[in-house]
Amino acid sequence: MWAEKLRIRKNNVIADLYPLTKLWIAALYALCVLILGTMKIDGYPVYMMAAFLVVPILALLSGIFKKFLNVYKGIFTLCLFILVVQALLIKSEEIVWGFKLFGNFTINVYKGGLQKGLDLSFNIMNIASILAWFFQTTENKELVYALEKKGMSPKASYVFLSTLQMIKVLQHNSRVIMNAQQARGVETEGNLFVRARAFLPSMVPLIMGSIANTEERVLTLESKGFSVKCKKTHIFDVVPSGNERTAMIIAVTITILVVVWRVLAWVL
Amino acid sequence: MAEKKKYSIKTDFSLLALLLIPIAVAVNFVGGQVAVLLKIPLYLDTIGTIMVGMLCGPWVGGLAGLITNLVLGIAEPTFIPFAIVNVVVGVVTGLCARWDGFSVWWKWIISMVLMSLASIISAAPIVVLLYGGITASGTSLITATLMATGMNIWRAVISTELVFTISDRIISYIITYLIIRVIPDRTLIKFSIGENYIKKRKADEEAAA
Amino acid sequence: MGVVIELRNVTYSYPLADKPAIKDVSLKVEEGKFYGVIGKNGSGKTTLCSIIRGFAPSFFKGELEGEVLLYGKPMSEYDQGELALHMGYVFQNPFNQISGVKETVFEEVAFGLENFGVPVEEIEERVMDIMKLTKIDHLAEQHPFELSGGQQQRLALASILVLEPDIMVIDEPTSQLDPEGTESVFEIISQLKKARKTVILVEHKVDLIAEYADEIFVLNDGELIKSGDKHDVLTDVSLLDHGVQLPQMAVLGHRLRKRGLNLDYIPITEKEAKDVIGRLIYREAQ
């Protein structure tokens, strides 16, 4: 009954796919992007650039567009910055576009830089966003237990899951400590030297407390049979939704088509 | 007199060491956040990795670095390639610690130089080849400015890294070492390299007496 | 009754320590009995628990002389997994007894059984039963970190008891709890007594020890200075010199005797005190 209750089910066909299937889809997509990136028109990676629409659409279809957009904003800003810097600062012979700002100061968009910038930024945008899609449709513990089923050590699962909880615990504790230090008169504002001096008293109690706790947690884990060498069971289970085969067939077919297209473009 | 101590991956990865990894990652997170909060112009986000490297050696240190960037990558996938740099931080610190590289001043200098070199050698290619010199960090503005003056992208990136990474790593090393100095001996002895810091303290006390 | 644990002339020092934490201690723990361990702070109670549970010297390192036997076999021949099946261990800090990877109380209790590879259906049954026994079943869906100290300590007991160990080593389970939390934890401990489990309990509140224990070990400065039946030990005024508290009722009994009242024995619990005084009044009335 609890095993049923703990199971994570999403009411979207794509998001509900098995974590490793989604990971494969992400990997195949990245491969397609890299292949498309080698096909250029006038030195511009036009096809790969066009592909950047794929992931937002996938996110929309997966019912996670809002969460996705939050991550995507950061990726987009970074890529835009990269593009601008490359296009304006990597000089090459050919200038695509230039205009006079004031006096003799001109801003030039160099062709070489633009090509390079588009190449880099769209690659990053494509690959980072497919990863964002993967993480936004998959809960961390689904991924961890799916990997454990594939043979990853249960100790690795423990470390990873414990890390995610520990970050929250320490963030909370650090707020408590910093408030206490401020109350005790540790200056956290003022010139750089004053602020830098506040760093140690903010971090040391946090780290010392955590390390002391670690020793006792070893005893806890030993008491609960963590070191027993046997096949562990899990009441939380990750189960395929049943649509994995279809999804993989679609993903592999698209990848094959992209490869064939690339090869044909070469030969012809 | 110093007897050679044998290290093995198995003893490095004791349960205590494994449990230190989540703490290291969380300390990396919190350290970075506190630095931002206090408006300190350094990253200070590898203190956890350095601490584990100093206490448990290169493999556990490297793993702590790897996990840090993978977890960062969940929210910001563009951090994932920099896992290599964080792994290098852990591994190099661990190797220096095994060599007892934090015992006397000249060893400290060698350790810091090695660490800074390794950081730059691992970071620069990622920054230049993958990200065209620009990352999510504020220092990219400086890189961009250097490039605007006509500097070659490699030189621009390495110059920025030289200034910021080196000062960050040196300060992080000192902070971590100060922290290790206040860890009680009975705790230190349970980590594979912990003994080195106990000896050091005893020697200091004798010298003071 | 059979001896389950035996210490023979055990001396143990923590690494880097100048003097041993436990000195030449010999004792026997018999099956189905409830043992109370008392002594002032720093007398070696927790260290004794660590030795009995097999954490010292395996985890704490340091040096151990003498013999520690579990079911007649040296402790060093057991691995930690086996020990976890034989012996449960619960200690002071409730937070540190949470695995740190589970998101509900139910899963937290199940953690140990998962490690031992128990089938899922059986896990669910056993977890349900133990949560009812420890009265945390209404918290099943909460996050372990969100519980109060008392609730977390009951969770700690539940997640060990679910493994059904033969022996329970419990080290000051209530020292960080409020009176309400303390009471709820002792409710569970009284269940253990009813179930005739072998229990070794370190507890500052000596009145509670008087209530539950069969036998007492008294430690002072790492040495076992007295052991035996709780009536013999807890009425011994010489223990006061070693900073050991006696139960309130025993102190009262001694005072009444000093005043010339003819108590037939020194009580150590409230119930016994009522008995003794009742009989005294009855005799006087005659």
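First chain written, first letter: the chains are A, B and C, and each begins at residue 1.
The working rule: a residue touches a chain if its C-beta (ideal position, glycine included) is under 8 Å from a C-beta of that chain, and two chains touch if they have at least 3 such contacts.
The model shown is predicted, which means the values in this text are computed figures rather than measured ones.
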item	value
Identity of the most central chain, Cα criterion	B
Maximum centroid distance from subunit B, chain identifier (CA atoms)	C
Subunit B-subunit C separation of Cα centroids, rounded to whole Å	43
Between subunit C and subunit A, distance of the C-alpha-averaged centres to the nearest whole Å	48
Gap in Å, rounded to a whole number, between the CA centres of subunit B and subunit A	22
Touching two or more other chains - residue numbers and ranges from subunit A	158, 162, 165-166, 169, 217-218, 221-222, 226-227
Multi-partner residues of subunit C (each touching 2 or more other chains)	59, 100
Numbers and ranges of subunit B residues touching at least 2 other chains	22, 190
Interfacial residue positions of subunit B with respect to subunit C in the complex	22, 185-186, 189-190, 198
Residue numbers on subunit B that touch subunit A, as the complex places them	15-16, 18-23, 25-27, 29-31, 33-35, 37-41, 44, 47, 51, 63, 67, 71, 73-78, 80, 130-136, 140, 144, 147-148, 150, 153, 175, 178-179, 182-183, 187, 190
Touching residues (chain side subunit C, partner subunit A) in the complex	53, 55, 59, 79-81, 83-85, 88-91, 93, 95-101, 103-104, 106-107, 110-120, 123-124, 127, 145, 159-160, 163
Residues on subunit A engaged by subunit B in the complex (per definition of touch)	71, 74-75, 78, 81-82, 85-86, 88-91, 116-117, 120-121, 124, 127-129, 131-132, 135, 140, 155, 158-160, 162-167, 169-171, 174, 178, 188, 192, 195-196, 198-200, 202-204, 206-208, 210-212, 214-215, 217-218, 221-222, 226-227
Parts of subunit A lying in touch with subunit C, wherever the complex brings them together	1-3, 6, 141, 157-158, 161-162, 165-166, 169, 213, 216-237
